[in-house]
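Letters A, B, C and D mark the chains as written, and numbering starts fresh at 1 in each.
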Amino acid sequence: MYGSPVFSHGSRGKQDIMGTDIGAVVAGNSRISTLYERDRTCQSLGIALEEVSAGRAVMRMTVADTMVNGHGMAHGGFLFLLADAAFSYACNSYGPVTVAQAAQVTFLSPAAVGDELVAEADERTRSGRTGIYDVTVRHTSGRVVAEFRGHSVILAGKSHSGGE
Amino acid sequence: MYGSPVFSHGSRGKQDIMGTDIGAVVAGNSRISTLYERDRTCQSLGIALEEVSAGRAVMRMTVADTMVNGHGMAHGGFLFLLADAAFSYACNSYGPVTVAQAAQVTFLSPAAVGDELVAEADERTRSGRTGIYDVTVRHTSGRVVAEFRGHSVILAGKSHSGGE
Amino acid sequence: MYGSPVFSHGSRGKQDIMGTDIGAVVAGNSRISTLYERDRTCQSLGIALEEVSAGRAVMRMTVADTMVNGHGMAHGGFLFLLADAAFSYACNSYGPVTVAQAAQVTFLSPAAVGDELVAEADERTRSGRTGIYDVTVRHTSGRVVAEFRGHSVILAGKSHSGGE
Amino acid sequence: MYGSPVFSHGSRGKQDIMGTDIGAVVAGNSRISTLYERDRTCQSLGIALEEVSAGRAVMRMTVADTMVNGHGMAHGGFLFLLADAAFSYACNSYGPVTVAQAAQVTFLSPAAVGDELVAEADERTRSGRTGIYDVTVRHTSGRVVAEFRGHSVILAGKSHSGGE
């Protein structure tokens, strides 16, 4: 389960929305494509959405030189943000507008400028309007950089199709 | 303790490092000023450091239009990042190079583009090389946007003065 | 705020419910007294309720020889349980039936058989049906044993007075 | 991974230590058997150890009438304790004395007196002296009662064989 992820590498670069990659599988999902297109955070930071399926999402980010802290390491805030973004697409994969209500992150190893990081989000449990998603952020070498667990909640009376 | 914070507003704008505000009290602390000057994350996002004292820090950020998610709200990743930044300056206030090992955040109310947010970090406990810091992120109206708890650890054999 | 707690020691032993102490202030609150009287967990473990006021509770437990793990130290489960109990009385102090939805605990120092531990719960924030409470578990020497943060939620349509 | 667990039911009741069940596989591991035999918490609460292997453990507990809170539901402290116990055997499965440094729990559904609960702990990641373990507590009906994530640390210079 927690072994090396199999990403749909072949789909990278197939689609470009405002300059940032979106996987071919994702591009075929108009609701998610629209959500991603409006996602100014992921667009401006160059966070690519590689894969989305029911309860699951994979995103990729390269650590830019504007993402370091005063110690010269990748800022924990950006490591969290990448995990949180993957969590968000995983929990919004079902349709209803879903948001994070809480999250916990553990930083296991540092990342540096130029490192390419992949966040893989998987649903752990879901019942009623809430869900729990686990996200692992790995360096492309396979080294785990951070483990994240997010708690989601569906916003009452909201749906993507109806606008929000 | 958890009432309305008293910020040293008078100190804002007294100093500018690479275009971002640093409070007068902070500017007088050369170690922290250097840390902040090198902090490309806070510099590039316009996160101002308003106050730093032993175990405490206050930072301020305005939600930019590049900080929203696909639902049009401030991305939780940036709310976390602001809290994490305040946590970082609070736990580095003593001298030794200190990093986050884990953190938990709860999102209590949304923020929108243009909102000015203030993160106030206070030490809860500290023993040996580890510490726990609580951070509240508030809208300037006083509304709580997020509550954060961070766990810090001092890196062995590192000090700011010795370079890292 | 996080300095040495001032407990209402004078009230200890003034009241006994099923053999376990309840503080005088608490004994004057019939709703909380009933809740405590029915609390088989606290009764059977000898967890005393020393103080309850709006958003706050203090409880005391002595580590019994049945509370150790295989390493001979107080089981983390019982340290959590003590903190969780104090959290529960703090968040039920307002009236509506309130339960824990999530909690995070950090174990800072060990406890041994015979140690007397005090858990002090204080509300951090509350809005709508949810709240966040911080609990510190200390050895009577003042040493911090554990820090706990609990998230509460009011059960819809329930009140203590109406029975549950 | 998160589907219905396959427990080694056949091993239940094969061994009894101080009156509480230990699975046959576990009974063949003298170090773990000793740890469990000395575990006064699990012994006194009747928490059975059904399975232990590298990075994994399964435990079972029946909610006793002394385990309820003032609302008449199983006390969250005991739900946490069961998960924490499974976490403990999973992270001590390798040999070195390992303890919990922090944990997070989410309560998803209530449990009542007489309910039989199973906690299944699996390692998520491990590096150096620290590890992360995920534990799911389920009712025997399959319903998830709680999700738990624990952070472990190996105590320096300690080993079970050398006594602690």
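The rule we apply is simple: a residue touches a chain if its C-beta (ideal position, glycine included) is under 8 Å from a C-beta of that chain, and two chains touch if they have at least 3 such contacts.
If you want to know which protein each chain is, UniProt gives these names: A, B, C, D = Hydroxyphenylacetyl-CoA thioesterase PaaI.
Only a predicted model underlies this, so the values are computations on that prediction, with no experimental measurement involved.
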Homomeric contact chain A-chain B: same or different residue positions, threshold half: same
Centre-to-centre distance between chain C and chain B (centres being mean Cα positions), rounded to whole Å: 32
Gap in Å, rounded to a whole number, between the CA centres of chain D and chain B: 38
Distance between the centres, which are taken as Cα means, of chain B and chain A, whole angstrom: 24
For chain A, residues that touch 2 or more chains besides their own: 102, 104, 106, 151
Arrangement of touching chains [line / ring / star / complete / other]: complete
Complex contact set, residues of chain C against chain A: 102, 104, 151
Chain A-touching residues of chain B, taken from the complex the two chains share: 34-41, 43-44, 65-73, 75-78, 80-82, 84-85, 88, 92, 97, 99-107, 164
Residue numbers on chain D that touch chain A, as the complex places them: 1-2, 104, 106, 108-109, 124-125, 127, 130, 132, 134, 136, 144, 147, 149, 151
